[in-house]
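Each of the two complexes below includes chain A, the first together with chain B, the second together with chain C.
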Partner chain A sequence: MFAYIIKRLLYAIPIALSVTVVSFVLVYLAPGDPLNAIAPADAPEEVIVALKSAYGLDKPVPVQYGLWLLRAVQGDLGTSIASGRAVTAEVLSAVSNTLLLAGMAALGGVLIGCILGALAGYRHGTWIDRVATVVSVIGVSIPHYWLGLVLTIVFSIWLPWFPAMGAGPGGSSEWLWDVEHLRHLVLPALTLSVIPMGIITRTVRALVADMLEQEFVAALRARGLSAIAIFRHIAKNTAPTVLAVAGLQIGYLMGGSILVETVFAWPGTGFLLNTAIFQRDIPLLQGTILVLCMFFVVLNLLVDILQPLIDPRMGRG
Partner chain B sequence: MTTPLVSLQDLSVQFCGNRKASALNEVNIELAAGEVLGLLGESGSGKSVTLRTLLRLHPERTTKIRGRMLVDGQDVLALKGRALELYRGGTVSMVFQEPGLAFDPVYTVGQQITEAIRAHESVTEQAARARALLMLERVQIPQAKRRFDAYPHELSGGMRQRAMIALALACQPKLLLADEPTTALDATVQIQILLLLRELQRETGMSVIFVTHDIGAAVEVADRIAVMYAGRIVEQGPVGQLVRAPRHPYTAGLLAATVGTENRGQPLMAVPGSPPDLAALPPGCSFAPRCKHADEACRSRVPPLLSSAGQAVACWHPLMPLAEAA
Partner chain C sequence: MSASLELSLPAAAVAAQAPSRSYWLVVWRQLRHDPMALAAGLVLLIIIGAAVFAPWLAPADPFKASMIKRLLPIGSPGFLLGTDELGRDMLSRLMHGGRLSLLMGVVPVLAAFGIGTAIGLFAGYVGGKVNMVIMRVLDVFYAFPSVLLAVAISGALGPGMSNSLLALTLVFVPQVVRVAESVTTQVRQLDYIEAARMSGASAFSIIRVHVLGNVLGPVFVYATGLLSVSMILASGLSFLGLGVKPPEPEWGLMLNTLRSAIYVNPWIAALPGALIFITSIAFNLLADSVRSAMDIRR
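Here is the complex of A and B:
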């Protein structure tokens, strides 16, 4: 088991490296010149050259990548062109906000998804199953920026229960665990939780329904185990797959919340990414993409390590 | 005669899923304590259904059960909740056909036996573990201590079936149901498992219902054999008599299709045709369409199971009349 973890950790290194290459190069494939954003269109040649060398844009791309990587591993992602502040600090503050939002959404989505899915699986073919299926299909297919707007209209405008903008009163991005801040969290977290909820419901429903048909469940009943004890067996058998699906969903939530964070002006990574794209703020863009990609790498690593701890048949290869 | 341990009276089972299928039709079985009954028949004849009905394993919503089932003085069809849980695995337990599919893959063999013991008796975890280990030793699993912590997929097929037997016997059941326990195993391992089952039966004095389509296996372990066809018992009798002098044409057909000492060197005789559709049974004897002795009476009326001196046959034209019991 220990050897497996070490091996899996070593695998993560080349994956992480290729992620850095992609996140660095992708930005160069996008049309437009970053200097357009800071230098006036009629700036004299010397000013452009001076700016280029100041940002290191005059060197060949591989050299730029090398220098960038060297600084990145030391925690320095450069300076934002638009705001002039350190990218690392900006990204970290956005990441903590997004983690909070995605964490809440994932918690709610996975929890409700598991409960609905298990109910539907156990009551396969009954009205409960049909209701759960409809809910999960709606959850998966509804565009969530639209859902965000509808929730805002209903719970923010018609019924003034929850605020619709920002992560706290007065547009501050500093998070505090108090009622006022939690109220800001409700609508965006609810909106975001709908997709993982739908996907987890579908996954759990299919797994549980399939599991109940298996010979070993009949064998468990033949041993005289109670319904609760049998449920424990089913839960442990479905857990590895649910974990894998949930891990991917949380990864998507970390970066996929661009639209929702924009709708609710939530100061997270999605919002930051959106800003960076429109301002052609290349260091900020690269830094944000890199951090988001690293989340995927780390999440997958965690799932890969957790799975064989639950199911002994996995991860012995 | 004392009261039998198991008594099935006119037991009928109907599955009403998308189509209705009569899996069991008025089956009567009596089994004394300590007796071993071999249930013989081809696929779909109702052998496994009988065992699963005895443990009430069929989905309640889609299964209709009629008749009576008495096991150890309990009316099995009336059992509910905790009583049913104690009955399953406590009074009656089962060895499944595929030991690879009948264990939960994510718990060790030892954990599963321990869990089963603790579901029936209020003993400590340690005591249950000790007993589980003892059971593994009793079914002759080498290095039982090490195998205790093995996951099912880490054991060989024969080892797994031994562990399955250990699990089934862990709570000293009065009746063991064995559902083709050797079908999924290698030929050499099959014999070992059969011998083990016979040995354990003699040691514990439990009753066994042994389902098989292998006449050789049935002869090896059973005291009595019941032959099933299309959800009915067509012939019943002590092993020796039934094998030497079958009365029902179907039993004779099964015997002729088996390699034995008498027909060595001759081509095997297959029973022509295939078993009837359980959703549309013929009005008369279900075997009539495949039987060369069949006449009008066979095709119009179901023959009753008539018994005399421990033997029974359900046929309008038995190969040998019952009274002439040898």
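Here is the complex of A and C:
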């Protein structure tokens, strides 16, 4: 078990390193000079040179990468070209907002998906099974940015129940656990939860239906166990797979929230990426992509480590 | 002699032989009798038809704006589906919009299908260290959530249609390679490949004759499943302002520019997204049907 965790950790290191390379190099694919965002077009030569050395752009790219990585591991992702503020602070506040949104969406989606999937698996071929099938097809087919728009129309314009914009009253980006902030969370989280709901419903439905066919379930029945006791056995056997799928979903949601955040003006990483892209703010773009991907790498790692903990068969394999 | 042998063949053997000879024909027959596949195919045919023939079918010029006819409701005289925020005919714009939306959704999948299969075949057939290096490099792309990767690449390259096509292709290639590589690796170890190699067949002809046929099926199924994802992502990039540029009609971009209209005429604002949804559902249902139809092998 211990050896497995070490092995998995070691495997994550090259992946994490490559992610830093990709995050760094990605923006160098772009045509145009990053200095265009700050320097006026008619800036004299010495100003350009001074700015270049101030941002470290005068050195060769591999050296720039090394310096960037060195500072990044110390928690310094540079200075945003557009706003002049520290990238780390901006990214962390945005990531916490995105994490909140993605976490809530995953929680809701996974919970409903599990219940619906289990019911459908148990009641194969009934109306609830058909509802589950429809939910899972819609969940994977719906453009969620459009769903956000439709939910806004229904629950914000027709029925003025929930606010449509921002994370708090007056466009505040600081999250607080109060009713007003939670009301702002409802629509974006609901929108985003449809994706994991569909996928989890499909997964759980297939797993439960498959499990019920297994011989050990028949054996349990023959021994006279109650339905609840049998369900506990089934739940235990489906948990590892569901955990793996759900864990990955949180990661995908952190990326997928970009579009939903744009719809609801949610002050998260999607908003930050938008700013970074359209203002050609390279340090901000690199920093945001890096932090989001590191979250994804860590999440994958956690899932891989947690799985054998709840399913001892895997640790031995 | 041969005639009597043929007669004595057990019926089961004949039945088992028939599908393998005309496998795709059987899949096609299966699909034709699947109501879900037929419905999805019909919907797609209508949407694709409307898009392809938009220049001849559309009732109005999709670019002709009118300041006094802005945001007319659905069913207005002369404007069947109303007008957008610049007074342009919605029906015409939706029909023309389908051209770019479908193109941007389908082309990356086709490109990834071709490139991914080629890389996967190569990696799987060569095997060993080369395979390991290729697959490890592709693992890195798996460390990125696909939406983030698409946004990051097209954001880094700068807004524009060709850049978002490139970004989506790059997102899908590693996934297709994984499927193609795993099938190739399995097939490569089979005895008849070894036999072909020993009888002097070149690597290229072994791949073309013996491996490709096994790999194409699974990769095809996987790629059809990607179509709806690609549609949603491509329109999503345009929605973010990273894809098609205005005033070009495209569903995702229209959804974006009509966002301000949700307080005035919400139905109009929701229309382009509804089309993305319908197309993507149809692609998904068709992909499900294709998957189960192709499962009949053996």
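Keep in mind that, in the parts below, the second predicted complex is superposed on the first by the 315 of 317 C-alpha atoms of A that agree within 3 Å, B and C clash if a C-alpha of one lies under 4 Å from a C-alpha of the other, contacts with A are read in each partner's own complex, and residues count from 1 in each chain.
Here, a residue touches a chain if its C-beta (ideal position, glycine included) is under 8 Å from a C-beta of that chain, and two chains touch if they have at least 3 such contacts.
Predicted model, so just to flag it, every value in this text is computed and none were measured.
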| item | value |
| --- | --- |
| Which superposed partner A:R223 touches (first chain B, second chain C, both, neither) | first |
| First, second, both or neither for A:A89, with chain B first and chain C second | neither |
| First (chain B), second (chain C), both or neither touched by A:V27 | second |
| Contact breadth on chain A, by residue count: chain C or chain B | C |
| First, second, both or neither for A:I258, with chain B first and chain C second | second |
| Chain B versus chain C as contact partner of A:I138, first or second or both or neither | second |
| Touching partner for A:L9 - first (chain B), second (chain C), both, neither | neither |
| Chain B partner contacts - residues on chain A that touch it in the complex | 214-216, 218-226, 229, 233, 236-237, 310-313 |
| Complex contact set, residues of chain C against chain A | 136-137, 139-140, 143-149, 151-153, 155-159, 228, 232, 235-236, 239-242, 252, 255, 259, 262-263, 266, 269-270, 273-274, 276-277, 280-281, 283-285 |
| Chain A partner contacts - residues on chain B that touch it in the complex | 52, 55, 57, 84-90, 93-94, 96, 98, 101-107, 115-116, 119-120, 151, 153, 167, 171 |
| Chain C contact footprint on chain A (complex, rising order) | 14-16, 18-19, 22-23, 26-27, 29-32, 137-138, 140-143, 145-146, 149-150, 152-153, 157, 251-252, 254-256, 258-259, 262-263, 273-274, 276-278, 285, 289, 292-293, 296-297, 300 |
